[in-house]
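By written order: A, B, C and D. Residues from 1 in each chain.
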Amino acid sequence: MLNHDLKKEFQVERIAFFSDAVFAIAITLLIIEIKVPEVHGEHLTNGAVARALGHLIPKFIGFIVGFFVIGLYWVHHHLLFKYVEHYSPKLIWNNLLLLFSIVLMPFSSAFYSEYWIYLNNVSLGFYVINISLTGFLHYRLWCIVSNPKNKLSRGLENPHLVSYYKMRALVTPFVFLMCFAVSFISLPLAYWIPGTIFIYMMFIAKYYRKHHPEIFVNSTT
Amino acid sequence: MLNHDLKKEFQVERIAFFSDAVFAIAITLLIIEIKVPEVHGEHLTNGAVARALGHLIPKFIGFIVGFFVIGLYWVHHHLLFKYVEHYSPKLIWNNLLLLFSIVLMPFSSAFYSEYWIYLNNVSLGFYVINISLTGFLHYRLWCIVSNPKNKLSRGLENPHLVSYYKMRALVTPFVFLMCFAVSFISLPLAYWIPGTIFIYMMFIAKYYRKHHPEIFVNSTT
Amino acid sequence: MLNHDLKKEFQVERIAFFSDAVFAIAITLLIIEIKVPEVHGEHLTNGAVARALGHLIPKFIGFIVGFFVIGLYWVHHHLLFKYVEHYSPKLIWNNLLLLFSIVLMPFSSAFYSEYWIYLNNVSLGFYVINISLTGFLHYRLWCIVSNPKNKLSRGLENPHLVSYYKMRALVTPFVFLMCFAVSFISLPLAYWIPGTIFIYMMFIAKYYRKHHPEIFVNSTT
Amino acid sequence: MLNHDLKKEFQVERIAFFSDAVFAIAITLLIIEIKVPEVHGEHLTNGAVARALGHLIPKFIGFIVGFFVIGLYWVHHHLLFKYVEHYSPKLIWNNLLLLFSIVLMPFSSAFYSEYWIYLNNVSLGFYVINISLTGFLHYRLWCIVSNPKNKLSRGLENPHLVSYYKMRALVTPFVFLMCFAVSFISLPLAYWIPGTIFIYMMFIAKYYRKHHPEIFVNSTT
């Protein structure tokens, strides 16, 4: 009996660790898109190397955005699996769908990093779709995990807590889609929006912590 | 005694986690085959970038197929290790053979993605061989793990359950080999076949669940 | 109750394992910056291949430095998580910041490997900033984890042990920043400094082990 | 007390899992050295693609050798950590040295794959040095772990078992160094030797299992 439980726990852990490995590789692959600048022969002064490094600044900005988007989703996934006690084919396949969206990120992030400086709508759109897809798939996972019929979770009995988590999963897609909509009016304006995502999230988190403090008892994140 | 058991359990887990890491890297490496399209200088309109992205569609289709083929095999491996309680050199080396076939996948998948649009038989054949090899090696692992002489598993006493799992391991190689055979008659027709794999699998799963419901008691996947 | 504790322990482990995966990928990506030298056609004598390999020596030196810098930080992280019993959003996000600095390493290490031979200040400076940032973020993590208010750790009650660990976290940034300062006077001299880091560390370790032996009871590293 | 033991066990596991991740990435990076062959435009017949694939055969042979060399060392590492119960800075740093040698493998393996067909001595020598270094570092780890003074292991009390494992760690370096020595007399002959490594190992394993069967009681690998 105990043994059987240990095995089930181990099987749940394997899903989390496989996901962790995919997240970790995707987040680290972001850096291989930034190639070491080539400065040749006689021009190898400090100034020339510094200028070559300076040309990479747009890519570095794209890298930083990409890193924290994937990082944010990992924190989300980590939070989700805090409540998962059992697993089902449905959970496994929806988790794979989420990982598909994560694996796509190094491409869409690099694509966006390459062209955002030219105020290009297409690369921004592609990235926003990828980010939103990941957010919706997270939302879907919360629905599956929190549904009492599926008997997958423990500790999600409070409907306020569940609705808070679901809402939080939708914040990122919402902000980025809004940002994409604004980009048709003014691209430079749109670029200010992702920065506000954290302010939104903190606002929402504070609202819930104030009005429903009871739901955070025993909840570390 | 308890300590000794914990150590054995940990050693089995290490095999599973090493495999997970290999699967995770192989599945994530698929994306680095899709390079960010280069659009130069004065042509940098939204249309030009969109067209460049459009040219990548065949590669994206190959990426999606490759992702779900590796994902399917990971789900399989996850299911297999649910029953593994002990390990032997035989299990370790056959598992390594399976991982060899998985590591080859990013190459064969990229090779196929590059040339499938030209209705090329050779790249399709190479991919089909790789997929079938993985399927047969999974079948072999089921044989090794379920064999009572090897004393590796627990919970596989029911022969119906074992034969169901073995059969399931052979479905993917069977469908892809059939697809390759048809490709000599008509390549476009052959490309419709992999899509039907899921329908086949669902059919078989439903058949077994209907006729041998007793074997799925205590079985979550 | 027990179950809840197991889950919390598992959540802490996931943070450590995700970090491990990122460290492991960053440390392994260092090698892909060293490309196999191309020697063509008729010149393919042993001498030509050996000379081509010889040209890679500066990159190999950069690779060795990069490997042991990341390795040193992994050992540090391993040591830190020995004391972590609980987690909080603050810990998770500061850990992510540390991982950001680690993910940047394959780039800054390759950049430095490419240009150090030309006694270039800019690439050295970039690398030193990256190394120092990682050191400071480790220091910050020690502050967060050891702060009794955060209730994250166990076994860090002794203030001497905590100050020893914090000081140790600052040794690497200190040595590399000193090395960078010296590089403005004499670059060749500066290159001798990183090699002395290990001597410094051993000195400090010995000092503490001699004057505060009581703090190392029950402490394996 | 129990908690303290769990933490120590977790710290040992982290060393094993970090090593696993490095092994897994190194073994998977082998494939990215084999690029998809480019066949252009009008020549895109099945024959042209098959010929392009044929030109990769030497690289595939190198890939297969590289995969099983790293795989063999992983099996070795897995076996070693079966006995590890505690850890020390000495164990951690020697393990890092071993991982250094593993991380170098994708380079030395690709270097060898590129030039072995030209019967080139330098690339073979570099690969042999890398393989031998890994073997010696494994031998060193066995010495450290089995030394009763270090109090790191359990279950290695039998000196016959320890000497068997140490000898086994030296087989691979020995065979490859012999192969390198022979290569100065006849390179084609030298290439036959690595294939015989497995026969040697089986012979030694059989010898020990016959003359010291008592040492394999409770030993699964």
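Basically, a contact is a pair of C-beta atoms (placed from the backbone, for glycine too) under 8 Å apart; a residue touches a chain by one contact, two chains touch by 3 or more.
Bear in mind that the values here come from a model prediction, so they are computed numbers and not experimental data.
Using CA-based centroids throughout, the chain positioned farthest away from chain D is A.
Fitting chain A to chain B on C-alpha positions gives a rotation angle of 90 degrees, to the nearest 5. Of all residue numbers used at the contact between chain B and chain D, under half are used by both chains, marking a mostly different-residue interface.
Each chain gets a centre from the mean of its Cα atoms; for chain C and chain D, those two points are 26 Å apart.
Per-chain Cα centroids separate chain A from chain D by 36 Å.
Among the residues of chain D, those in touch with two or more other chains are 17, 21, 25, 32. The part of chain C that touches chain A in the complex is made up of residues 3-4, 6-8, 10-11, 14-15, 17-18, 21-22, 25-26, 29, 32-33, 86-89, 92-93, 96, 99-100, 103-104, 106-107, 110-111, 114-115, 118, 120-123, 126.
Listed in rising order, the residues of chain B touching chain A in the complex are 9, 13, 16-17, 20-21, 23-25, 27-28, 30-32, 34, 36-37, 39, 44, 46, 49-50, 53, 64, 67-68, 71, 74-75, 78, 81-82, 154, 218, 220-221.
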